[in-house]
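Both complexes shown next keep chain A, but they swap its partner, so chain B is in the first and chain C is in the second.
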Partner chain A sequence: MNTRLFLMITLALCIGVVQGSEAQTKKLNVVTTLNYLKYVTEAVGGDHVSVIALANPRQDPHYVTPTPRMNEVTTNADLFIENGLSLDLWAKNVVDASGNPNIGPGSPGHLIATINVPVKELPTEVSRAWGDIHPQGNPHIWLDPFNIKIVAENIGARLKELDPANGDYYDKHLDAFKHRLDEKMFGSELLDLLGKKGGDILTRKAKDGDLVSWLASRHLDSKLGGWMKMALPLQGKKIISYHKTYVYFADRFGLSIAGELEEKPGIPPPPQHRDDVVALVKREGIKVILNDNFYATDAADYVASKTGAKVIVTYLDVWANEDVSTYENLITYLLEKVLQAQS
Partner chain B sequence: MSRFYVSGMLTFLAVAAFAQAPDSTNGDVNELRSEIRKLKEEVQSLRADTLGVSSQEDELDAVEERLDKRLQELENKIDAVSRSTAPIALNPKMTAFINFAARHDDKTVYDATGNTVISNKPFLRTVEMELGSAVDPYAEAVTIISLEDEAGQGYSIDAEEAYALIKRLPIIESAPLGLKLKLGRYRAPLGVDNVTHLHDLPWTTRPLVVSKFFGTEHGEFFESGFNPVGLDAQIFLPSPVPGATFEANADVVRGGDIALSQGQLTHQPAYVGRLTLSEDWNNEHLLVLGASAYTETGSQNTHLFGGDLTYKWAPTERRESHSFVAGAEAYVADRFISDSLRAFVKENPVGWFGYLQYQCSYWTYLGVRYDWVEEPTNDAQVTKAISAYVSYYTTEFLRFRLGFEHKSSDALVASLNNTNSIIFEANVVFGSHPVEPYWVNR
Partner chain C sequence: MEQFFYLPSTMIWPLAACLVLTGIHVYLGVHVVARKVIFVDLALAQIAALGTVIGVLLGYEVGKDLTALYLYSLAFTIFGAFIFSATRMKGERVPHEAIIGIVYAVTFAATILVLSKSALGPQELDHIIKGELLWVQGHVVIKTAIIYALVGAFHFIFRKKFMAISFNPEQAEANGINVRLWDFLFYMSFGFVITSSVAIAGVFLVFSYLVIPSVGAMLLSEKLSTRLAIGWTAGAIISFIGVKLSWTTGLPTSPLVVVLLATGLLISGISRYLKHAPSIAIAFRNLAGGAIVVALFIGGVFYFGKPVEKPLDHALQLLSSEASTERQSGIAMLASFPDAQSDWQPLVMKSLHDNDAEVRKAAIGLLSRFQVVTAEKEILALLSDKSDDVRQAVLGAAKAYGDQDAGTVILQSAQKEDDPEMKIEMLETALLLRKAEAIPLLASMIEDGGIFASDAYDHLQSHVAFTFSIKETGKVKRWYEANRQKLVWNASTGKFAAKEG
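Presenting the complex of A and B:
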């Protein structure tokens, strides 16, 4: 009897251990619209998430055609993450067509990654007469690394909500990712000098636009490294962009966007506007035109041919080519491209 | 500057920030943001006065940190819903479509009834209002009300589609295989063209086989197709081809509504089935193969079988704005019904169409289509048409199209046969951003 009882208890414990380890090892299935969201989710979720991005990273994120494959891979998702701000409008069609009731808007399985991100260019009035505008503000938030930290916090919080057993794991990965971004932003030497809250302090100073003067007042200016140091030669430099894609990037790294090739968002530049841009480039001595890889370059080439400015075709999402195989590489790549063109 | 003054200012700034933020609404968010930023600027000005006094600098840092937190909390207060693609309010998402068309013909053209002349006239073919919203945690609903031109004899209002889409129930929290149930009136999943609305077609007219086999009141120039009342279940199945997606639809609908049945068999249900095998490569190449069937069995029978193929190429980096779409649909019907003289008639009409479309520029599309169809009421009579068109978009909300069509039919008398038509179409979309049709490349 005692032997039988012992065996039953042992068996029950074994089953419990196996089930427990399955719970520990079961990965959350996450589907993201864009690839930078996949990158951040993997950075925060580590081994506990399996992530699929729907869009091709070379595609215009405004116009992705939902396909049956996208609908199918979303069917079993535990979490669906979209950029929001009316950028990936096609996400709703995928969510609807997936038949997955756990990822509907408003449910824990649906996350708008840009919640809490300070949005720029929030219109006070909205009309289609102004082009394909975004009623909730400029959606290209991910080209500012500070916004990516907020996105990572949002994703981390949602992963914890869906998988509380691994909450500490997500916290650790989130902190490590934010620290990695801080190192890339300011350089590890400066961060080490300022201690534990160094990243927060420097972030605040950079957001307020007085990082350089603050460092100088403390004789730390020679310690600045990372992207902020890379961007020092770009301060106040004017550029032209095709679309309003670089608003956050420019603000963060001190560039000034003098104008866009598009007269109105989402509408190819009309000839008259091209000539206006030519005049602007000549007047301001602008050297750089940023042209997203998925937009035609004829307008940019036209302006360049009349002014001598350089056209840079840029990738905007992680994994769009080998130079942007991580989010950190994406920011480095954009800065290097602009620096090269300015020199 | 005395220490007392600095401390007082710090207290005031902190209290001011804390006092104002909690009651903020979206309307005054920008105002509050700028107010907090002004407070931060005041902190900065105070900082100049405290340069070198490290204890006061630390206090300023602390206040600045608190202000930053308040600013972040303010951002948090902007409802997450307002940043999503979901509707901000509980009102349905609304989109309106207006489709205008005018035709010029070298012969007199009658509508499908044979009573109304439609040649050399303009028409407001459809005005559609689409409303869509979540109903409750378990269902969504879509209503598409259309105002349709009755071949120039006035307008009628029709529920083009009106259905509930159910993904789960309180007793089934998550259905297997991505099961979705559609209940109401909807465009039946027979091929690709039938589920596409008139304003979303890549052509100026419906393909003849869809118009003649599935449903029309006034012919292919006006809204046609099969949109029965019924129940549709859609699921994903394990794919027989690795990497491909395999979907199935099964429907029970009211019998007699399809054109092939001529409205005679409403006392018995009809069944619709569809299998779709599709694969896309990097969202650049898309291939869809489909097989559809309709069956209505009883004392009188109507069966329909069809196959369809769609291929689309659209480069991911769309700098050149070129794309290509090719497709074809073929149907064979088996009708065994009574005609108006109560005699039983058996017909086996066949019909098909194929098309090619090339996008020349961001704005412009060129295409051709060929139609071949046997008349459902007399499969010895064949109608053929070849058409070409050019579409021009200003934006995704406004499109113009000019088409040419040559049509010949054994069913027409010689004086009305071999018609050449030029059709101009304008399509307007406004309201909530709609999904673009499959053949558009942006």
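Presenting the complex of A and C:
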């Protein structure tokens, strides 16, 4: 009798241990379209996620050719994360082809990372020409670190929903990541001064464009650090870009985008547009032309040869190059490049 | 007339590039059409592109290592020329065009394979096809013109041999010409030209210059020299018109030139038809008939275009879109339809509970803008929203409604708020809604000290008709306690004052 009881207890314990260790080692399989999403998911999910990004960070995120490997890795995914906003439309093909019912649009295993993000260039006027290139707004939201905090919150909430047992872990990592970004943005000295809600408050002030004047009025301007301090010399400086990729980046760091080289994505621009850009660059004394690494530089070179502006070939996604091996490095890299060209 | 010939200086180089292309390609086109190898330029251009992308794969960078990449594409082109000269078969057991097609398809596929492993994306293919005539720079045009002049001179010197192998290869062989060698030289010089041309103008413009003028001239004349004369003249005129029209209409240059070249071909086709028709009357009748069919077809295409939705319906439809940014757009558009409020109000009220904070914000904005009374309570409930953007929008809405009862709700929320800046904003909103109870709460925040004490002080001081310093919060509290029954809000100064007597 005793032996049987003993055996049963031992068996129950064994099962418990096995289950326990399974819960410990079983990671959530996450597939993301872009690499910055992978970076954020790893920052929030830590040891409890295993993440694969589908796109090559050096290639244009609008156009990614699906491969069988993509379908294969997506078949076992617990969570599929896309940027949305009509940027990574190819994601739909991958999700469909994977035959994975857990990650279909609208299911808990499918996340559009950009909800809650204030998206720019939304069509707000009723016009007869419904046709718009980006009817869902400008999708390149990730070059504004504030938006990355929102993306991280969205990812954190979804990881918690899929893996409630590790909810506290995700919360802790999310807060740590947001704090890290706030420190990078404003410098740790200022952040510590403002207390627990400092990151949120400074973020609101910066979004309203009041940050610098408010800091000055409170004699805190010397405490500002991080990217915001780096970007101070760039305030109000005008730049040109090839595609509307840098709208969020420019807005956050005080740059102003005076124009784009392409008039419509993928269509060669008409002659007047080209001449207008050249005239604009001359008139405003613009020194910087940002050209994403995956676009040909003919147009930028042409404008540079007529004006003396400098063409900067930039990377857009994490891991496109050893200089941009983290999200934080990507932002630092872009700021440094623009600062160099401006000086 | 002068007006007609005017061209802005910035369009001179694109036009010059077109004229250089016309010069060499009309001539080469005559050969290509005679040899029935129309698509050889597409294949050679693709081979050149493959050379470039392999150069990139091996570490050279576009925009930096120009010479190395050019040499890569040139080497590949010469290799292509070798393939084409070696595969030309006597008696056409396998048509040469078939070989060319195979080479084209295979190199295209190979290019995609290489691109999938390299830093360049499909833009590079797109770039090769479309070209960027507009961005061509003067020194490139001059360099190209010199190279083409040399190739032209080479062909002119050996014109008898080149003509013989293109137009009559059997005869040439019988005359003792080494057809394979001269074929190779032909394809090599041809590939040399194509590589440069495609870099400037893209595959489809180069193809058009090669084939369309030659075919058009063939329709009009049998004689080679006349064909060349017609091709060059027409090509030059159409180039000018194309570049000029591109400037005046704002359409992209290369595709416009291609379409105009085709128009020229159509005109030469019609004139040939009229010239050779047995009876002019019947010819005109047939042409008119054709024109009617085309007109009906085009008219039908437009007639069956998607009917335009009513703007209001469109905006309402956007509210139920799956994409949250489209829902935001829909709400923004509804602001133009105040008269249709009864149509949109229930839907927008539902949007107050959208899962995207930006949509909730937009809905709060619209409903408070039009003072939709039934929505006020639901909006105030969003004071506990997890997004501080939404909470701020609620405060804005409360001010817009100007409802004093809302002030009570906001005061309660403020006491629970742990974000000092947000708390100050809430208390200020309460003051604006004539809730004097916010005065001691703000005073307490000043006493708490810290960075936000100054903010709290600024806001409080600007809303009470009682002057005090930041250290005198006790004084304000006492003033409030003494006068709390007779504090009156003065809307014009935006301050609370104690009513006398």
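In this text, the second predicted complex is superposed on the first by the 328 of 343 C-alpha atoms of A that agree within 3 Å, B and C clash if a C-alpha of one lies under 4 Å from a C-alpha of the other, contacts with A are read in each partner's own complex, and residues count from 1 in each chain.
The rule is simple: a residue touches a chain if its C-beta (ideal position, glycine included) is under 8 Å from a C-beta of that chain, and two chains touch if they have at least 3 such contacts.
Just so it is clear, the model here is predicted, and its values are computed rather than measured.
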Combined model on chain A where chain B meets chain C, clash or fit: clash
Which superposed partner A:S98 touches (first chain B, second chain C, both, neither): first
Touched partner set for A:Y295, first chain B, second chain C, both or neither: both
Which superposed partner A:S305 touches (first chain B, second chain C, both, neither): second
Which superposed partner A:T245 touches (first chain B, second chain C, both, neither): neither
Chain B versus chain C as contact partner of A:R274, first or second or both or neither: second
Touching partner for A:R69 - first (chain B), second (chain C), both, neither: first
Partner chain(s) touched by A:E82 [first = chain B, second = chain C, both, neither]: first
Touching partner for A:D210 - first (chain B), second (chain C), both, neither: first
First (chain B), second (chain C), both or neither touched by A:W90: first
171-179, 297-305, 315-323 or 333-341: stretch of chain B that collides with chain C: 315-323
Contact residues of chain A, present in both the chain B and the chain C interface: 56, 58-60, 63, 65, 67, 84-86, 105-106, 112, 115-119, 122, 124, 128, 136, 200-201, 204, 217, 266-268, 293-297
In the complex with chain B, residue positions of chain A that touch it: 55-56, 58-60, 62-69, 71-72, 75, 82, 84-86, 88-93, 96-102, 104-106, 112, 114-119, 122, 124, 128, 131-132, 136, 200-201, 204, 207-208, 210, 217, 266-268, 293-297
Chain A residues within the chain C interface of the complex: 56, 58-60, 63, 65, 67, 84-86, 105-106, 112, 115-119, 122-126, 128, 130, 135-137, 193-197, 200-201, 204-205, 217-218, 220, 266-275, 278, 293-299, 301-302, 305, 313
Of chain C, residues touching chain A in the complex: 8, 10-11, 14, 62-63, 112, 116, 119-124, 126-127, 130-135, 137, 246-247, 249-255, 308-309, 311, 314-315, 322-326, 328-329, 332-333, 336, 355-358, 387-389, 392, 418-422, 450-451, 454
Touching residues on chain B, where the partner in the complex is chain A: 30, 33, 40, 44, 51, 61, 64-65, 68, 71-72, 75-76, 80-86, 134, 137-138, 140, 165, 167-168, 173-175, 177-180, 234-236, 244-245, 247, 276, 278-280, 282-284, 286, 288, 314, 316-321, 362-363, 395-397, 430, 433, 435-436, 438, 442
